[in-house]
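Shared chain: chain A. Partners: chain B in the first complex, chain C in the second.
Moving on, here comes the complex of A and B:
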């Protein structure tokens, strides 16, 4: 029974059902606040998809992700509030700025491996925070940026209201997931996975490590910038706290709970945890008392998160249903399974 | 000229604290090859433990420091047993994420008990020494002296005792250490205990001239990481020299360049150095 439920989730229909649910959600919600929470969960999910590219697929733990989120938010905020740009040009500029800065940081940081890369990006994230906090002439320092322009609609839609904005964010989220699914099936996505599984082996296959890693990094920072810009357009007020390292840790938690290196994981993890923290208000301040040990337990016992665990379980189930399979075939199943997991 | 010497004292003080924290970090890295992101949280809990012992139990500064070192050593051993030991065969990214999990947990627990207020910790060494215009607060002198004594004792322990030698042996070659019958678990626990105790002592020494608050470990741990990258990850002399470099760079940079940006100096230095030499300044070879 459960197995059938599982195979149901695997089908493309499940994705359609999730999309349909997201589309009707504003009508099911009992108040506007719930729509707002869902929209913010989607914004974070977009950022987590970005983190998934560099950390989940490419295997490099990027601890500056929250910093790039803040850069996206600040670019949009400063251009609209101080420079007087309107929303959409500033939005495009935010994407370009995060991509460009991602390229610069990536070129330097990706020469480092594993621990060095994680520590380096931790420092980069902190430099971003300090610059935002101290460079008062540009960023207004701790006061933050007010009066950020809201996205104006094209024609009849007004994105300043919660529900239209929700659909705007949803559209970007669907686009992000669609792009991810194309990416994970493409040669580029497979190259990222090859690098994660062993960069020396990947290199011996003729993969240009640096170029591909930088590519993954730029893609991930652009996702972060996209999420940051949407966030700035949604809350209309931002401060240096957006660059706090805690946000990066939050995103890592979302990613791990949902399933690192999977396609549906970031969405499930983000939406799930955002709603759990919302429904248990007291958790807001002390959520880390639960998240911290949760992270540890996840990496020890369920390193692939909800989605990954579910897929592994399905795989075992499938094998026990068809025990007559020859060993040779099970090898094929194994590779297939890996493919499925990377695309799930 | 006096101002210049004043900066030397400041640099020595900062360098001593950073060096002590970095020493613990580098010891753990040498043994387990884990960048322990939770080390800063141990430092912070160490300061709160001393604060708790001094304010709530009313014990003397030195007793509080010893008690805090003991508590944090046990806490560090628990981290090793419960978290890093089960993960010893996992991909490296898992250790890092688990360490972040510990960090988040400890910070949240401290925040729950003590709140996020800034607290002032008193110390019996409030006097000021005046050497012909050169002013040295006693606490700063204590920090410098204590750091030098601790480094010396640690060196003696590692070089002259059998137990200390097992740590060095493990750091040099894991397999080799197993071959001569060294118990990996014991060494790992001992290393974590030493590293935790060093962090707690550093925090207790520094807290009276700084403040005690839940986020106090963030900057220190990041600077300690910068230091061990500078000094080569796993290298003990590297941690001390690196600590002094960062301490002096901050003291002089903060004084002659800009106070607001003094915290960026260490990270800027790291970016510069790693851009030129991705393996760090003194590293012998990449792991």
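Moving on, here comes the complex of A and C:
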């Protein structure tokens, strides 16, 4: 009767099927471009998993997420193109830089609650964009960073090729999801969810708000940094537009559609929307006419996205098999009784 | 057990709680009553560390907890419930309760990454604690249901269980019987007696006088932030100051 949230959708069978599909995808794809699109979808998915930690589980709407993605990308880009570092040391540096900056921003911004926090991080995101765009001595400004190093494969594989890079990204994605699954089921993940339920309630349960929120924030920016660094290694040319707020809102859309606060949601939402966007390329900007209403309907009727709805549905199906029917009847009686009393 | 000395909380120029001294004995049911806006909830927020008092002292088993933040106060054994409790609606009752024992565990990020023995042990302990608390409030049969699917009364019991899962010495209950019918109110009264029988100290805010008068060992009456009376239900019931506060003086009658 007791089951862990998400275990239904993430049955070993379903998990393995998804992984198997991802593994054979380059052989199923009709051209290299499709592999490239999938790899970039995976990169974004990693970033969305990060957003899911602070916003989905911990309940703090972070609008600087795209900014941290860009910091990850620029750290890797500048260290390899300008400072002459090779890829992997720069990659590790990108993670450390986004974690450290995440800590600094988190300590300040998480003193604010709810929409004040969202507005503050919106500004942080914009400041990151301005710094990248205007600080030409460091970032080359609008010209962007060229000649970013590709990851070297220690003589075994060549990651400048699309397919090997695809597998590299897939490996990081699998690791990211694996860690998330651990986190979301652990006491630490439950602590984040308790904070989402309410600051005061969490505190009354002995939870140190600041420490746990900062931890969630740093985890999320590190995920963003990881995704940004992979992105820079994949496209190998980046500009200030990587820090555009639009990317943050794209990621929020992926998260909402897939299922905020769920384990599979970020993957389904990101991969799904990236492919829908691709197939609607011919509509250009008019594709928003389709996306807009779709999103509105989804948020109204399925506030926890595709995955959340699926989990609720599965739960109720499992409950109706159990002898819960009897309980439901007595519940109806209870409600009726209460209504009578309220009217009285 | 819990001793409060000259506790005052100013909000701007308004004294929400004004020079209140009181002592709650261990193993008793202590009630705080008073008209709306008397400062009852503020008093709870001060004890639980949610607000810092302007002056005065709060002693828990002799230890000064006056300036302590609420998460530390909780760790020292002060559990509390709220008038409304936001829970994770699309998760099971027991999943919502497991975090209640978090404050007695130490696992951090590293334990999660390597899935340490400590984490596994603590998670089992937290789950067992959740089931124990659920059993205490008599809700074992809904353990696997979503919060969204249980009744209002059951939700209130879940909120009790959540506070109990923290292993408190004293529980502060903010209007535990608000919005439930008389039959269910009796059930909550029985639950509070059960808490005391199990060695807990209960402190509650409540408006339902019938319940308070038959349940409480000791009552403190607040009005405009000041303690106007204290004593057994019998003493409080016959106290002219209390009667005036509740029925209103001549000025209030006109309003």
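As a working rule, the second predicted complex is superposed on the first by the 297 of 344 C-alpha atoms of A that agree within 3 Å, B and C clash if a C-alpha of one lies under 4 Å from a C-alpha of the other, contacts with A are read in each partner's own complex, and residues count from 1 in each chain.
Everything below uses one rule, namely that a contact is a pair of C-beta atoms (placed from the backbone, for glycine too) under 8 Å apart; a residue touches a chain by one contact, two chains touch by 3 or more.
Everything numeric here is computed off the predicted structure, so don't read it as measured data.
Visitor: Is A:224 in contact with chain B, with chain C, with both, or with neither (first, second, both, neither)?
Guide: In the superposed model, A:224 contacts neither chain B nor chain C.
Visitor: Please work out whether A:118 is in contact with chain B alone, chain C alone, both, or neither, and reply first, second, both or neither.
Guide: After superposing on A, A:118 lies in contact with chain B but is clear of chain C.
Visitor: Identify the partner contact of A:61: answer first if only chain B is touched, second if only chain C is, both if each is, neither if none is.
Guide: first
Visitor: Looking at A:194 after the superposition, I want to know if it touches chain B, chain C, both of them or none. Which is it: first, second, both, neither?
Guide: A:194 sits against chain C, while chain B stays out of touch.
Visitor: Just to be sure I read the superposition right, which of the two partners does A:41 touch: chain B = first, chain C = second, or both, or neither?
Guide: neither
Visitor: By the touch definition at the top of the document, which applies to A:256: first (chain B), second (chain C), both, or neither?
Guide: First partner only, chain B.
Visitor: Report for A:203: first if it touches chain B alone, second if chain C alone, otherwise both or neither.
Guide: In the superposition, A:203 contacts chain C only.
Visitor: List the residues of chain A that touch chain B in one complex and chain C in the other.
Guide: No residue of chain A touches both chain B and chain C.
Visitor: Under the stated contact criterion, what part of chain C meets chain A in this complex?
Guide: So the residues of chain C in touch with chain A come to 48-50, 69-72, 74-75, 79-80, 82, 85-88, 90-92, 94-95, 98-100, 102-103, 105, 107-109, 111-113, 115, 119, 122-123, 126, 141-146, 149, 151-153, 162-163, 166, 181.
Visitor: Of all residues in chain A, which touch chain B in the complex?
Guide: 55, 59, 61, 108-109, 111-116, 118-120, 122-124, 126-127, 130-131, 134, 245, 249, 252, 256, 285-289, 291-296, 299-300, 303
Visitor: Under the touch definition given earlier, write down the residues of chain A that touch chain C in their complex.
Guide: Chain A residues touching chain C: 1-5, 179, 182-183, 186-191, 193-194, 196-198, 200-201, 203-209, 215, 219, 304, 308, 311-312, 315-316, 319, 322, 324, 327, 331, 334-335, 337-338, 341.
Visitor: With touch defined as at the start, can you tell me which chain B residues reach chain A in the complex?
Guide: The contact residues of chain B facing chain A are 29, 33, 35, 37, 82-83, 86-87, 90-94, 96-98, 100-109, 111-112, 218-219, 222, 225-226, 229, 233, 260-261, 263-264, 267-268, 270-271, 274-275, 278-280, 286.
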